[in-house]
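A, B, C and D are the chain letters, set down in written order, and residue numbers restart from 1 in every chain.
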Amino acid sequence: MDRQLPTSETTNLMGWFEGRVHHYNIHVFYEDTDFSGIVYHANYLKYFERGRSSFLNLIGVEHAELWDDHNMAFIIRKMEIDYKRAAKVDDRLTIKTYYNRVKGARLFISQDCYRGDELIVSAQCEAACINKDGRPIRASGFLMEKLDGFLES
Amino acid sequence: MDRQLPTSETTNLMGWFEGRVHHYNIHVFYEDTDFSGIVYHANYLKYFERGRSSFLNLIGVEHAELWDDHNMAFIIRKMEIDYKRAAKVDDRLTIKTYYNRVKGARLFISQDCYRGDELIVSAQCEAACINKDGRPIRASGFLMEKLDGFLES
Amino acid sequence: MDRQLPTSETTNLMGWFEGRVHHYNIHVFYEDTDFSGIVYHANYLKYFERGRSSFLNLIGVEHAELWDDHNMAFIIRKMEIDYKRAAKVDDRLTIKTYYNRVKGARLFISQDCYRGDELIVSAQCEAACINKDGRPIRASGFLMEKLDGFLES
Amino acid sequence: MDRQLPTSETTNLMGWFEGRVHHYNIHVFYEDTDFSGIVYHANYLKYFERGRSSFLNLIGVEHAELWDDHNMAFIIRKMEIDYKRAAKVDDRLTIKTYYNRVKGARLFISQDCYRGDELIVSAQCEAACINKDGRPIRASGFLMEKLDGFLES
């Protein structure tokens, strides 16, 4: 992990790392809320996916490249989501993403959504690598190499 | 147009025709609203697409079949949307869809969203047929045959 | 449960009951899919919410009425989602919803998404009643009365 | 306009100004695409709204504050959208937003979505200020003061 990666000082669209934990900022827009005044529960899954994808983007993995060059995409197999507090329009949230383990085709990922120090939502996610036919495939060497140093030790 | 099509008496998931006008019912759910209490403006474009797709489904055109067998999908080229009133959660809306003209790759479609007799949103839509590479292609004979009798005379 | 409720013969926008199990049909539209060709995982949470809301609509509970007259809305506290298969554009899916138990402010609900006989996604959901200030409140007598006969015995 | 505003060097979640033109970066995620491989057309309306809201956030206007303190929200009255090219997953887009004119309750806004130098989608938007009852209200002095120097001269 001696690569040169953006830090919080140069935060950009792809977020930043603190150690192995990826951070990604989210601003809550009109589109994210519902009539009860808070963020609609399904939208946190979009936030978490932005976190997981930005993590990958930042270590040099792009979905378009995986799809075109490696015949690979991700699907979600399981999600456990724990909604602890509600977020509102114009809130600034941070998604923290931990890629913990890879086992065959499966990736185990933990994610938290914070507003400042308050934990808003936490999630456990099991993803899997699939090919264009939708069949599970072992995580490619390309991906494993990129994830090196970020997984749980 | 002597085909046997569902009528309002047997309304199903695909809506129904009254003359050449397709009708499709929408129920407004949590997901459709925003914190200001009304349907989020972008979601009417989803409603209109459900209307256009259901129109096609009902005359025997399926997107999956177009894609797999005819190497064809639709893109939107232009939309003009006029928001006249606001809809709220649990409202029952009806999308009325008119496929007016087909010219080369382009389809010209008018759509209205009603709540009972009240016009909520109206839209003019220009769609185009594309192939899997994203290039515009002439509407296929298959599609034109299905649309026969529904276009503006 | 001697009320007169729609059956599968008169299926409408609100779905129908078979015993205590609510059924709600979903058509997969463009909006629901992503570039990998399948339904985007977060959208199943919208499908499940349509199932839960339609269940309530069908037994005479409307969100707008709960909000305006009973100062009450629902939030999601926990979701466990198990993605077993992938659905594609133009698939016809059925959401089966079981309101199992109510305990204070909390509702425990099981849901399955089927394509024909194939189980696509299943979910365990814990919802809670809140007031307009976002505080948990005991499920109202109004709601409990409506749910009578549908809960797990 | 002698206020100290973020520049492109310190780009953050709220975007930045170049003259009176607001710039906001968007990364295209899974959630934004559909099975035809490109960004789903309705999602550009979300992008444009992020641009309009971030413009306001950056000049010190927050929706939550408008709602709570000024009894005011925005609705969209008209949109004209011209889709010129297609965007794909992992594309980096920039939304350029021009607040052109305010006339009574109505705001006239132009927006473009670029990928590098390529114009992807352009839009003309007419928004209106409403109160919590949904009635149009004159743009408040608070808002007009903030917009000073950014409108078309």
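To be clear about the criterion, contacts are C-beta pairs under 8 Å (C-beta built on N, C-alpha and C of every residue); 3 or more make two chains touch, one makes a residue touch a chain.
This is a predicted model, so every value here is computed, not measured.
Participant: Where centres are the averaged C-alpha coordinates, which chain has the largest centre distance to chain D?
Facilitator: Most remote chain from chain D, centroid-wise, comes out as C.
Participant: Identify the chain pair with more contacting C-beta pairs: A-B or B-C.
Facilitator: Answer to which pair has more contacts is B-C.
Participant: How far is the middle of chain B from the middle of chain C, if each middle is the mean of its Cα atoms, in Å?
Facilitator: Once rounded, the distance between the two centres reads 26 Å.
Participant: What whole-Å value do you get for the distance between chain B and chain D if each is reduced to the mean of its CA atoms?
Facilitator: Taking the average C-alpha coordinate of chain B and of chain D, the gap between them is 27 Å.
Participant: So the centre of each chain is just the mean of its C-alpha atoms; given that, what is the distance between chain A and chain B in Å?
Facilitator: The separation of the two C-alpha centroids amounts to 34 Å.
Participant: Counting only residues that touch at least 2 other chains, which ones in chain B make the list?
Facilitator: Answer for chain B, listing residues that touch two or more other chains: 30-31, 35-38, 42, 46, 49, 63, 67, 88-89.
Participant: Show me the residue ranges of chain B that touch chain C in the complex, using the header's touch definition.
Facilitator: 11-14, 25, 27, 29-31, 46, 49-50, 53-54, 57, 62-65, 67, 88-90, 92
Participant: Chain D touches which residues of chain C in the complex?
Facilitator: 30-31, 33-38, 40, 42, 88-89
Participant: Which of the residues in chain C come into contact with chain A in the complex?
Facilitator: Of all residues in chain C, those touching chain A are 35-38, 41-43, 45-46, 49, 63, 67, 73-83, 86, 130, 132, 134.
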